[in-house]
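Two complexes come next, and they have one chain in common, chain A, joined by chain B in the first and chain C in the second.
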Partner chain A sequence: MSKVIEQPRYSCALGAEQTVVAIRRAVPVLHSGPGCCNKITSLIGQGEAYAGGSTIPCTNSNERDVVFGGVDKLRSVVKGALQVIDADLYVILTGCTASIVGDDIDSVAQEFRSAGKPVVCAETGGFKTNNYRSHETVVNAVIDQYVDAHRAEGGVQKGLVNVFATVPYQDPYWNGNLAELKRVLDGIGLKANILFGQESGGLPEWKNIPNAEFNIVASSWVGLGIAEHLKKKYGTPYLHFPYLPVGGLETSRFLRQVAEFGKLDKKRAEDFIGREERKFYSFLERMADFLLEFRYGLPRRFYTILDASYAVGFAKYLVNELGILPARQFVVDNTPEEFRDEVRGEFAHLSDRRSAPVEFETDGGVIQQKIREDENKTRALILGSGWDRDLAKDLNADLLILSVPVEYRLVLNCGYAGYNGGLRVIEDLYDRVLGTYR
Partner chain B sequence: MSTVNLKSPEVVIREVRLGSITGFQGDAEKLVKKSHGGTLEDVPRRFSQCTGCSSGQAFCQLCMIPDAAVINHAPIGCMGDAEGFNFVYREGQVERDLPRSSGRYFSTNIDESDTIFGGTKTLQDAIQTVFERVHPHAIFVTTSCASGITGDDVESVTREMTEKLGIPVVACFCEGFKSKIWTTGFDSAYHAIVRGIVKPPRKKTNQVNIINFWGSHIFDGLLHRLGYEPRYIVAFSTIRELEHISEAAASIQVCQTLGTYLGAALEQVYGVPEIKTSPGYGVEGTDEWLRELGRVLDRRDEVEKIIAEGHARVLPELEKVREQFQGKTAFVTAGAAHGHALIAVLRELGFDVKGAAIFHHDPVYDNGCERSDMLARDVKDYGDIQNFNVCNKQAFELVNLLKRTKPDIFIARHGGMTVWGAKLGIPTLLIGDEQLSFGYDGILRYAERIAETLDNTEFVTNLAKHSTMPYTKWWLEQDPYAFLGGDMVVESY
Partner chain C sequence: MAKKLKQIAIYGKGGIGKSTTTSNISAALSKMGYKVMQFGCDPKSDSTNTLRKGEYIPTVLDTLREKGSVKANEVIFEGFNGIYCVEAGGPAPGVGCAGRGIITAVQLFRQQKVFEDLDLDFIIYDVLGDVVCGGFAMPIREGIAEHVFTVSSSDFMSVYAANNLFKGIQKYSNSGGALLGGIIANSINHQYSKDIIDDFAAQTKTQVVEYVPRSVTVTQCELQGKTTIEGAPDSEQAKIYTRLAEKIAAHEVSHTPSPLSTTDLRQWASKWSKQILAAESRSIAGAC
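Let's turn to the complex of A and B:
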């Protein structure tokens, strides 16, 4: 049995460099081969940002470092980074070279910390795991080696929550998704730390992580490792909402669970939910006649080639609120075995009366082959990535690119989570559908 | 001159083979003198930013062969650039009226157990799977830092699978840590092609190999007029076509940085003459290049006519264009030979090139011929260039230099560099098609794009006003070469 992957849709452990890039005024310092960053940002980069892409300091390991170890070089590059790059946090991350050789990066980071410099480190050798898992490793490293020592004063604050909902850049719509989750959580009376992106407060927010009243994981499985860690370390309880909430039904469900878990003022929460639902459903109502009357054909079934959080979140939304029914569902994030049953459970109850089988498969070639073998009688929608363009064309299907590689879309603050995200799905989906007509 | 050794599975890296470097500060004349005098030495850096690696460059040459599959024997992250190249591949199909298809790219997805117990079985299984799924005419296996350090015997696996499957399964050794000059990856890919695909010539043909990336087909008219057929390699050529590039009448280089090894290998092994004069950029450069082409293809008289016509067509226009650019300054960042070419064209247009950050420097090419040196031609035809920095995409040095030199235009040839011009409010131009500025007409084509860019200041002015700068004030006040050489703690680059 080959474990080959055609058409990669995620990166290696070092891909979590993008987690650091997503923190305002933080910069990764790679102790890796020379091409790693280039390859990672090709798949999951979105421009240079503040100090990402070609700005990222790197030891560019060579043969000598592999044979004799590269710790001295790392020290020199970190020292230079502190002088040259204007940042508030420097995160050393290893690539395959340093991880196989076994360079002692902890000591290097420790030396700089002892001198009062904000330098932390994490083992992210590419072969160790993928960037979903190492996102947790990197966040936990920042918490242990930086946040803990700089904890904001005041202790636990009522209503303060940390949100772990998405892997920055691996989720192309991370910025928009986090912004909307913050908006709705703030709306029901919380103060949400989203930690990453434009709407976050940057490192001051991170320093406040231990002071949260509780944590929210809004994701199938990524983030649970962080929430568990925080529970052990600071005793912070957490709520797990096991997918990305998209649209009216699921966002309201999400907010009610949060309100109950956090024992929030029920009236305030319900007032907000009511206002948001009225807005959301007024638009849904407005487009219902289009959905019902358009005579030239709209997609009636959907294929999913997404990570677990997106797969479940979109499936529920499309089934319940847009009337598009599930065809084959593929989850492509190499979901760890222990979380698969929960994902299967969600697909078993997409609505009160509908289920769909789900397959866990990381090889895009296999997935596409299976979809091609399907009977293709009605117009289909493919929720996938840039890799699925030929598949969509060959099947005359509509393609909404939700996963990396994005390639054929330019993403800024677009997000699909929440009430606003649900509306955005409708606009983007039917923009593509209507765009096929002459 | 380096000797091509097809018996060896691996190509010798550029540092060793050609004496190439990635660190130098000074003027271009000094660099040329040191290069030709054999006294060039690399200067390392104490601080560095991420660059690029051989595996990406090898992949970019192997991934657009329509009937081949590529397997990257690596952790999954090393294939991050695959869809980007696939995009280029697909757009190239449109330009060439080829049927739509995606490249077949695979990762063996090396994990921790492969690094402990070895990954050869993983690779074997992958090759079998790919063969059954794709039925390609050849499979290329590119290596990685992980497979290289672990010591997987990729050569043996590919040899065995070649026998078992009956198609060439060719190893391409391009571990990122092996060479700090990422263009070594081009050599790795070409070594794999010449070693594993190209067959001895059955006969000589009137085809001319054009070693290029995936640029426009500007040589068609010229070669047809001389009675020859262009064959643009490697992208968009099939395995069957590549088997016979040994039968060509000559090989043209668009950029010596790209094609040095392939040109030399085809000449040394199969006697295909390489056009050794530096590629035709700028008027004098084009004159000499055409004359060399005429000599090798035995079309001297026709070439003289082409030169005369070219001059008549372009020179009067060029005079006008030069007036427009009088007194303007430029700064260039690009890969080596093509960067030198862009400098030639800019100076032909009357620009004062205030400096350059060129990604590496090859003191000599594989053919050992000094006439191939585009930088030497720049210096000879147009005079010295100050602030000539050899710098492998070290943006921190570039930003510092740009702030000092304040050029009227910033010309970049690789992604990730352009924002630094624009963020400083400098009109910035990146042209993907390296053939655009080739030859007489190329100078005018380029001039048009430059004029357009120079005129478009609103965008960069506004962007500069609202942009952030990740470099410290301290750094921007230092000498741009402060981290180059000097008091060395460790070897870094």
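Let's turn to the complex of A and C:
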């Protein structure tokens, strides 16, 4: 019998609808049963954005669409969406039923494209995989079926890069993270396409994807499938930085690797890095008295219940810059086998002296049980999701909600990547701790 | 005493003669005085044609598609001698899920309790050639048919299909599914064909219910849109179909077959092809 997974921290493949929602003026069109998208957005969404959540066009397919195929209904829903929703790109995504029945969605998308409409499609039947994987599927589908035909003129541009760093909404802080990565990459002399969110240039930016000088994957593994695809398709080389850079040390390391890979003007890059570091550490210096006096009030150990990119990025920052030590580390994104050794390697070398074993576990219930059974003698910090609130309460631990479902906080432009993100971590951490004082 | 409804499913390789055989069984049973429904479970929806002068009837699923709901009496049509004819229908070739269509159509009938209301003695399901997915196994699953008969010639492909069906029956046999009544051997005009099918029945621990020869009478009647029972009631072929129907009416207990494994089946087939080859070269040599 198949095993029940309690509280998985990601969604089914159809969750990639959120990838589309995050592209400015793009709209997902779901060919799925009614309710799928509500379930998904309640797990990995906050805010419906332009046409997400319960406003997504959907075929609401039923038994009749199974027996006779749902292609006709899909066609009429796309037609309706084109009339009713003002957008620049429509992305058809299949749910389980349509994928099992084998509806020929390609030909539907093709029909609309032949009529000059920007319609693309991707197979995201829920049973196929999860939303990390299907994020790549959807991005690649947009590249193949839309970007390729509308490639911006001018060929490869010096200094233009595409950044693949987070999965929108699966990473609740995706918008803030991408904005900060763009800021620092632009700072060292690049022009960064971040493709998603308010700070991106929307679809004109997508049309420029093939013109990038190189691509940057700042993530443990998600996004490599896109960078590989672009390498094959357009010959674009890519740099893989295997976690989310958080704080002074790691962001500088990240930028230096990028500068070297892209053979950027070294002085310009170092000037920027120097300026940013001075700013970053000046805030800490200003608080030195407080931070020193308060050091015993901080949690001493941290538990991680995060995806691989966040887990490594936060562990490095907490260990190396804040002096908090790793307790048990759980990576919850169902990291594909071929990338696990690299994640283990990162945890083995968190710093020169510190390492931590890491466990790959997708079952939130199992993880919480293991943490409960741990010693828990000293005050702990839990890096997890809204679902870990009861656990934190029971252990008198501080909880930083970094993963979906967020539930108990509102996210606007907050991000934890980069120099600014590092400061934000400290603010939020002290906020939790000070909040427990009377 | 309330009479007991007997539900029978006929399976077999595509084109082997299921619909022809089923329609003749239905016709013969009805002439014997039984109330019969023939339920075509095939998207081609041609199962009951020879019961209705070659006419196609609106199918359950077409009606469902057009109207959104179906009342059973809208899709039951009377054919030869008052036989109730139903065609499940299905999607256009290449789209949708025909298997789900069969499930939908059969469930729709069961929910409406039509079978009880019509006071039937027999329902015979004529199921599409190859059991390609779960939907086509519907009639052998719990609570639908209780007896399965397979129509097979002595061709190996047909025997393979029968063996696959036996695997399906075996699989569902523990959960109240239908059991095997036996093999209806069709197009058996030679002794070696009879030997092959007899051997296969012995190997798989089942029986051959009847040997039906290939006969031009069947073709002639079909061309007039009739079963042999209707079109040539006094023919030798009609007598055979009647005898088959009588055996089915009398049939009470079915069994779980013992299908051959894929390797055993291949070995079995190659043993037979060697024998046939040897026999043929002997007869060619004899003719010289």
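The rule is simple: the second predicted complex is superposed on the first by the 429 of 438 C-alpha atoms of A that agree within 3 Å, B and C clash if a C-alpha of one lies under 4 Å from a C-alpha of the other, contacts with A are read in each partner's own complex, and residues count from 1 in each chain.
The definition used in the following text is that a contact is a pair of C-beta atoms (placed from the backbone, for glycine too) under 8 Å apart; a residue touches a chain by one contact, two chains touch by 3 or more.
This is a predicted model, so every value here is computed, not measured.
J.: In the superposed model on chain A, is it clash or fit for chain B and chain C?
T.: fit
J.: Now for A:37: first (chain B), second (chain C), both, or neither, which partner does it touch?
T.: first
J.: Chain A residues in contact: does chain B have more, or chain C?
T.: B
J.: Taking the superposition on A as described, I'd like to know which of chain B and chain C A:367 touches: first, second, both or neither.
T.: Neither partner.
J.: Going by the contact rule set out at the top, does A:103 touch chain B (first), chain C (second), both, or neither?
T.: A:103: touches chain C, not chain B.
J.: Mind working out whether A:64 is in touch with chain B, chain C, both or neither, as first, second, both or neither?
T.: A:64 sits against chain B and chain C alike.
J.: Which partner does A:195 reach: the first (chain B), the second (chain C), both, or neither?
T.: Neither partner.
J.: Where does A:255 make contact in the superposed view: on chain B (first), on chain C (second), on both, or on neither?
T.: Touch partners of A:255: none, neither chain B nor chain C.
J.: How many degrees apart are chain B and chain C as seen from chain A, counting from C-alpha centres and rounding to the nearest 10?
T.: Roughly 60 degrees separate the directions to chain B and chain C.
J.: Tell me which partner A:397 touches in the superposition: chain B (first), chain C (second), both or neither.
T.: neither
J.: Applying the touch criterion given at the start, work out whether A:222 contacts chain B, chain C, both or neither, answering first, second, both or neither.
T.: neither
J.: After superposing the two complexes, find the smallest distance in angstrom between C-alpha atoms of chain B and C-alpha atoms of chain C.
T.: Minimum C-alpha separation, chain B to chain C: 8 Å.
J.: Which positions of chain A sit in both the chain B and the chain C interface?
T.: Common to the two interfaces on chain A: residues 63-66, 100-101.
J.: Tell me, which parts of chain B touch chain A in their complex?
T.: On the chain B side, the touching residues are 46-56, 71, 74-84, 86-87, 100-102, 104-112, 114-115, 122, 125-126, 128-130, 133, 144-146, 149-150, 175-180, 182, 393, 395-396, 416-417, 419, 468-475, 483, 489-493.
J.: Given the complex with chain A, which residues does chain C contribute to the contact?
T.: Answer in residue numbers: 61, 64-65, 68, 90-92, 95-98, 100-101, 104.
J.: Give every residue of chain A touching chain B within the complex, in rising order.
T.: Contacts found on chain A: 1-8, 10-15, 27, 30, 32-44, 47-48, 50-51, 53-66, 72-73, 75-77, 79-81, 83-87, 95-97, 100-101, 126-131, 362, 365, 369, 385-387, 389-390, 393, 405, 407.
J.: Can you name the residues of chain A that touch chain C in the complex?
T.: Contacts found on chain A: 63-69, 71, 100-104.
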